[in-house]
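What follows is a pair of complexes built around chain A, which joins chain B in one and chain C in the other.
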Partner chain A sequence: MEKILEIKDLGIRFKTDDGIVNAVNGVTLELKKGEVLGLVGETGAGKTTTALAIMRLIQIPPGEIYQGSILFEGREILDMSDKEMQQIRGDKISMIFQDPMTSLNPVRTVGEQIAEVIRLHQKVSAAEAMRKACEMLEMVGIPAERSGEYPHQFSGGMKQRVIIAIALACRPDLLIADEPTTALDVTIQAQVMDLMENLKKEFGTSMILITHDLGVVAEICDKVAIIYAGEILEYGTLEEIYNHTAHPYTQGLFDSVPDLDEDVRRLKPIDGLMPDPTDLPSGCKFAPRCARCTEQCRTMHPDMTVLNGNHGVRCFAALNREG
Partner chain B sequence: MLRYTGKRLLQMVFVLLGVSFIIFCLMEITPGDPARQILGPDASEEAVLAMREELRLDDPFAVRYISYIAGVLHGDFGTSYTTKEPVIHELFARYPTTVLFAVLTVLIASLIGIPLGIISATKQYSWVDSLSTSFAMLGVSIPTFWLGLMLMLLFAVKLEWLPATGFYGPIYWILPAITVGLPASAGIIRMTRSSMLEVVRLDYIRTARAKGQTERKIIYGHALENAMIPVITVVGITFGQSLGGQIVTEQVFAVPGLGKLMVEAINSRNYPVVEGGVLLIAFAYCVINLLVDIIYAYLDPRIKSQYSSSVKKRMKKEAAVHEGES
Partner chain C sequence: MKGNHKRSRLLGIWKRFSRSKTAMLGLAVLCIFILLAVFAPLIAPYGYDEQNLREAYQGISMRHLLGTDNLGRDTLSRLIWGSRISLVVGLLAVAIGAAVGGLIGSFAAFYGGRIDSVLMRVVDIMMAIPSMVLAIAICAALGPGLVNTMIAVGFSSVPTYARVVRSAVLTIRQQEYIEAAGAIGSGNWRTIAKHIIPNSLAPIIVQASLGVGNAIQSAASMSFLGLGIQPPTPEWGAMLSTGRQFIRDYPMMVVAPGICIMLVISSLNLLGDGLRDALDPRMKR
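What follows is the complex of A and B.
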């Protein structure tokens, strides 16, 4: 299958008053057409920064993309002019943002906000754009009559659906969903996930789903990448990650999900905190929290080892090394 | 919206009543005898007493206040002690000048302040930004009388481009309007800049970028429409203050406005003119405040829905119904 997105050795840092924040440190990812990739990690692991880099929405300065490349359909995104990038954003690549409460302009009607992206990328009249905007609203399950209402008249779940409608209005080839369900309650979460699954089935949209919810990943992703302190620790197909977990961090993530069948009195968190991005450990970034940590882990930085086919892990003491 | 406006107009009556009471009390405790002021230091004691009798200054406070309010309600603001003209004529002879002056001030202040504030915010830390923030700093620190005199020295005395005093036509308006408008623009620059800086960091600006919108339309569309509310507030305050007359600037440039009239009236203890003038200023301030609040509603639908509380309740019900369906 054709590759739609290829990220190679991406490095992003931010210069702040507290020092240089190393947000993304050599992320390598690839996504084939029609695939859904789950990008899983804790808060602050660099998930959103990676996503914003694909959209070229990192504020420069204070941000800086100091290394790597992002190829979208074979073209280098980091070398594109602002104008080329504006044509791609919202049309070929779109993004669903994390916080529906603040991601809509409070003084424009939701219809206008959906129509805006249609007008930008398709040569249609204002009236035609509005008609299409209403169609999009219906598609995400909001009655078209409500297109003239303002964001404050909608609930959180409905706002998130409006944001999804904006992202999908131009039928993007690549959809980046940044924790699309985090801000929503569980029933609405299920609706949003259904909507995204339909997209995958009906339009074959390639997606990057950013989340820290392993349940959501299992539901719709084909491939999974585990990101930690700005680095991919493990990647593979859904099956490989879930059934042949190789990295101790990934294992820790699974262990921290409470099992419904067992009588669990206490949750099993991974001890410790994510390292300070202004002062990362020199060896394996997970070493300070890892139960299998050795002297080698503390001093040497492990390379990505390919176990078999598409399953890679960045660990000296990987579990299930046989794959 | 209409109901809200009606409610506000009703509130205004009480505000004005309060203002009139306070100013009446203040005049009461101010030392100085109006009768003595009118007749001069050489007048006999009997003449002063007769004058006090004529002006009904010896009536009890409550009687005078109530009869004043009763007069105001009938459109009678009393007679000026000095000119013997009805106060209302005196005020309206001066007021158009003050209104014109205020409009010019606000125009100059906004036309300088809003664009500079926007540029300052979009090019933060650039040389344009440093320049306009230093200008704003200077603007709030320079006293108007000094600025007025300097401008007068430069443009009227040295260059002889503009007349120094008077207020007879557009060419006379320039110096006084700049004198007040320039410092006023400083506040507008600062407010526009900080408001824009706050808004451009918000998530929906990122959403607009993610749509592929051009930077220009993001700044002048999405960001500006959301950043305007505090700016409108400052513009409204500037306008309201200017409508009260520019006491210092009117003196410097000999502009026959309300400010000058009020200073003269206070000095000569001309109670009816002071009271009428303060009421007029308070009324203008209330009207400007109301207008600003109405503009808010047109800028921000969230505020509009707060104003029309009955509509809000209906919408809440509808939202609940929709929620139930989905």
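What follows is the complex of A and C.
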């Protein structure tokens, strides 16, 4: 299958008054057409920064993309002119933001906001754009009559649907969903996930789903990448990650999810905190929290090693066990 | 359909606006003044420069409803003629100030960094000069006259608008929907015009509706110094300052233009308040 997105050794840092924040440190990812990739990690792991880099929406300065490349349909995104990038954003690549409450402009009607993206990228009349906007609203399950209403008249779940409608209005090749369900309650989460799954089936959109919810990943993703302190720790198909977990951090994530069948008094968290991004450990980034940490882990930085097929892991302990 | 959409939005704003009685009152008073200004030649009983020294310093009478001034000119007629000058000076000076200041402020806030620093330091320098002195300097450089007065008064209020707009835009640009606008491929200009300015209108409207009064007063001070509108052209502020010398014996010469200025300013404030609420769809009840 054709590769739609290829990220190689991406490095992003931010210069702040407290020092240099190393947000993304050598992320390598690829996505084939029609695939859904789950990017899983804790808060501050660099998920959103990676996503914004694909859209080239990182504020420079203070941000700086100091290494790596992002190829979208074989073209280097980091070398494109601002004008080319504007044409791609919203048309070929679009993004769903985390918080539906603040992602819509409060003084413009939802219809206008959907029509805006259509008019930006397609040569259609205002009336035609508005008609298409109404179609999009219907598609995400909102009656077209409500296109003249303002964002504050919608509930959170409906706002997220409007945002999805905006993101999909131009039939993008790649959709980046940044924690699309985090700000919603559980029943609405399920509806939104169903909607996204249907859209994926209908249009074959490639998707990057950023989340910290492993349940959501299992539902919809084909591939999973576990990101920690700006680094991919484990990468593979859904099956490989869930049934042949190799990295202790991934294992820790699974252990911290409560099981329906088991009756436990306490959840099992991963001890410790994510390392300070201004002062990362020199060896394995996860070493200070890892139960299977050895001297080698503290001093040497493990490389990404392919176990079999696509399944890659960045851990000495996992390799030793396999070997 | 888009046309309908736009019309329905304007209709919505009007509906919300007309629901507020105070705002409608403000609009009505302002409309009366605008009509007076437009039809001044038909309404005014005398010409603005018709002197009659024998009838100088008169009080309220049937012949002169609001009395006459030191040169025997009919005060009411001069007020009506003066509304032409004062309204135009007030509104246009504010428009100049708000447009230039708003542009500087929104640019500075949107781009940040060095552009922000340079623009705001320029504004700081302007702010360090008292606005009256700045206006006098501009007027002295350009020469007296109606247009130059408006430019002078307008420019002297630029720093205030730049500051107000910058702070409003700074808060708005942090919002996620501005980032989202970038993510759908909207360019910087478009984002400023379509997303940032409509959301930061409220403080600008309040500042502008208060600013009209200030502008009329500044224009009056300029006339008083001989730099602004030249006599015999009637202008409310100028009438006020001429009448000042006679306030003890003939208070009408001061009270009448004073009340006019007050009415215009308060009607604009009411209008501004109503407009601000009407433009915010969240205020719908």
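Assume the second predicted complex is superposed on the first by the 318 of 323 C-alpha atoms of A that agree within 3 Å, B and C clash if a C-alpha of one lies under 4 Å from a C-alpha of the other, contacts with A are read in each partner's own complex, and residues count from 1 in each chain.
Quick note on the criterion: contacts are C-beta pairs under 8 Å (C-beta built on N, C-alpha and C of every residue); 3 or more make two chains touch, one makes a residue touch a chain.
The shown structure was predicted, so the numbers you read here are calculated from the model rather than taken from an experiment.
*Asks:* Following the overlay on chain A, give me a clash-or-fit verdict for chain B and chain C.
*Replies:* After superposition on chain A, chain B vs chain C: clash.
*Asks:* Would you sort A:S94 into first (chain B), second (chain C), both or neither based on which partner it touches?
*Replies:* both
*Asks:* Can A:V107 be said to touch chain B (first), chain C (second), both, or neither?
*Replies:* After superposition on chain A, A:V107 lies in contact with both partners, chain B and chain C.
*Asks:* Name the contact category of A:H121: first (chain B only), second (chain C only), both, or neither.
*Replies:* After superposition on chain A, A:H121 lies in contact with both partners, chain B and chain C.
*Asks:* Pick one for A:A129: touches chain B only (first), chain C only (second), both, or neither.
*Replies:* second
*Asks:* With both complexes overlaid on chain A, does A:E64 touch chain B (first), chain C (second), both or neither?
*Replies:* In the superposed model, A:E64 contacts neither chain B nor chain C.
*Asks:* Could you say whether A:F154 touches chain B, chain C, both of them, or neither, answering first, second, both or neither?
*Replies:* So A:F154 only meets chain B here.
*Asks:* Considering only touches as defined above, state whether A:E219 meets chain B (first), chain C (second), both or neither.
*Replies:* Touch status of A:E219: no partner.
*Asks:* For A:E73, select first, second, both or neither according to whether it touches chain B, chain C, the two together, or no partner.
*Replies:* A:E73 sits against neither chain B nor chain C.
*Asks:* Could you pull out which residues of chain A sit against chain B in one structure and against chain C in the other?
*Replies:* Dual-contact residues (chain A): 55, 57, 86-91, 94-95, 97, 99, 102-108, 116-117, 120-121, 150, 152, 163, 166.
*Asks:* With touch defined as at the start, can you tell me which chain B residues reach chain A in the complex?
*Replies:* Touching chain A: residues 202-204, 206-215, 222, 225-226, 299-302, 305, 315, 319, 322-323, 326 of chain B.
*Asks:* For chain C, which residues count as touching chain A in their complex?
*Replies:* 1-3, 5, 8-9, 113, 175-177, 179-187, 194-195, 198-199, 279-282, 284
*Asks:* For chain A, which residues count as touching chain B in their complex?
*Replies:* Residues in contact with chain B: 55, 57, 82, 85-91, 94-95, 97, 99, 102-108, 116-117, 120-121, 141-143, 146, 150, 152-155, 157-158, 163, 166-167, 191.
*Asks:* Over in the complex, which chain A residues touch chain C? Could you list them?
*Replies:* Checking each residue of chain A against chain C gives 55, 57, 61, 86-91, 94-95, 97-99, 102-109, 111-112, 115-117, 120-121, 125-127, 129-131, 148, 150, 152, 163, 166.
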